Amino acid sequence: MSHVFPVRVYYEDTDMAGIVYHANYLKFIERARSDWVKEQGLDQNAMREDGIVFVVRRIEADYLAAAKYDDALEVVTEVRSMTGVRLVMTQEVRRAGTTVFRAEVTAVCATLDGQPTRLPEILRRKVN
Amino acid sequence: MSHVFPVRVYYEDTDMAGIVYHANYLKFIERARSDWVKEQGLDQNAMREDGIVFVVRRIEADYLAAAKYDDALEVVTEVRSMTGVRLVMTQEVRRAGTTVFRAEVTAVCATLDGQPTRLPEILRRKVN
Amino acid sequence: MSHVFPVRVYYEDTDMAGIVYHANYLKFIERARSDWVKEQGLDQNAMREDGIVFVVRRIEADYLAAAKYDDALEVVTEVRSMTGVRLVMTQEVRRAGTTVFRAEVTAVCATLDGQPTRLPEILRRKVN
Amino acid sequence: MSHVFPVRVYYEDTDMAGIVYHANYLKFIERARSDWVKEQGLDQNAMREDGIVFVVRRIEADYLAAAKYDDALEVVTEVRSMTGVRLVMTQEVRRAGTTVFRAEVTAVCATLDGQPTRLPEILRRKVN
């Protein structure tokens, strides 16, 4: 089941090539992941107060077409796999149905000291 | 006495108008303030572990000319005034001696809960 | 008459003090200005193809309270004055009715070479 | 042969987890690529005036450890392969000799309309 999240492109997202700066797609897809996490019932503020944060471990990203100022994009997120410690998601950024960016993102949970820790139980129950 | 800090303009700093995105000058001048703070003997990592951070209270900024990709800029920082609770600085961004951006920045210290607190003693001793 | 624009705070907007990084409020209020400009019937992509862009000339900004991750903010924008060459706006960022950030922004239009030029006619007709 | 480029971590680079925000490593390594490109004798401002820009096509990134505020990092860049149309580089971000981030970046050249075009001759001569 897909999670769909809208993103509008603003001036801040562009660079002097006239297109979305490549690093900013990572921001777009993280907004979508944050929204997805919240939908699962997780509060990242409360998690952080408990000393637990999500950390990105690996990203494979393909840039397929350029997005531009004022484009109305959609981030489509799917959980690929989840174990007790590792969450793998596929995320696509689409414009009018065409995929302009695609990434596979591996995230884990860690303490604020950087020690890996298990994913929140609620997440594992929801997804599996 | 002025503190001078070099900044090079990269792709990430530009926008689709082909110039430095206006919000990024605030990043440039904060890098310079951080460097100045460190020169005064303050460790912002240690401060934060002690629950104290610098917080910007007010900025008056004038954009005088556009900086572009690969420009070699200099941030020139001067302390305008410092009381026990408030630090006011003038910061200019210059390119080849010409001022392209100028700001007056008022900063205070606060706890992580947002309560105002006195500026570090070492800073007040150094500057006054 | 006020223009109201919603902004959600994401991880990208925060810094290690646990709050929204001060420069990012300038991004939030520019998203609102862009939305307002579009509502007036102006297409900034077309403007740029014609060699005209909006440029910020001056910002006076007051930081009144800290916004945090996942805060639901509103940017409230009002035109303060508009002449043939200069647009002055007041913009407030509010959370649950409380103003956390307030700015007065002066913008002009310029060619891609940085030469000042008149504001688009449509804007002047709409607002005045 | 490696290209080494220093990066200092500032407040703007961190997020509320107290570490460098994951998307910002992409900025760090692009600064290094830009510096490398300049060292090869290429002027990206002139290229863009001629309608040619570098575009990232693919990134594989591994996040190995967290960088923090005020860390003195080094980006170590190596050309992995270069054909007439495609440049593949390995880039590592190191702190005190330890690799905290590693990426393989595939870049191409494109016109401002997004059409792929050959890499600049001077680059191909230098590297091969």
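Letters A, B, C and D name the chains as they come in the text, with residue numbers starting at 1 for each one.
We take it that contacts are C-beta pairs under 8 Å (C-beta built on N, C-alpha and C of every residue); 3 or more make two chains touch, one makes a residue touch a chain.
What you see is a predicted model, and the numbers here were worked out from it, not measured in a lab.
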Which chain lies the greatest distance away from chain C when centres are computed from Cα atoms alone?
D
Taking shared residue numbers divided by all residue numbers at the interface, is the value for chain A and chain D over half (same) or under half (different)?
same
When A-C and C-D are ranked by contacting C-beta pairs, first place goes to A-C
Here the gap between chain A and chain D, centre to centre from mean Cα coordinates and rounded to Å, is 22
Rounded to a whole Å, what is the gap between the Cα centroids of chain A and chain C?
27
Averaging C-alpha coordinates per chain, one finds the centres of chain C and chain D separated by a number of Å equal to 31
Multi-chain contacts in chain C: which residues touch at least two other chains?
11-12, 16-19, 23, 27, 30, 48, 68-69
Counting only chain pairs that touch, give me the topology of the graph as line, ring, star, complete or other.
complete
Could you please specify the touching residues of chain A with respect to chain C in the complex?
8, 10-12, 18, 27, 30-31, 34, 38, 43-45, 48, 68-70
Residue set of chain D touching chain A in the complex reads 16-19, 22-24, 26-27, 30, 48, 53, 55-63, 65-66, 112, 114
Chain B to chain A touching residues, read off their complex
11-12, 14-19, 21, 23, 68-69
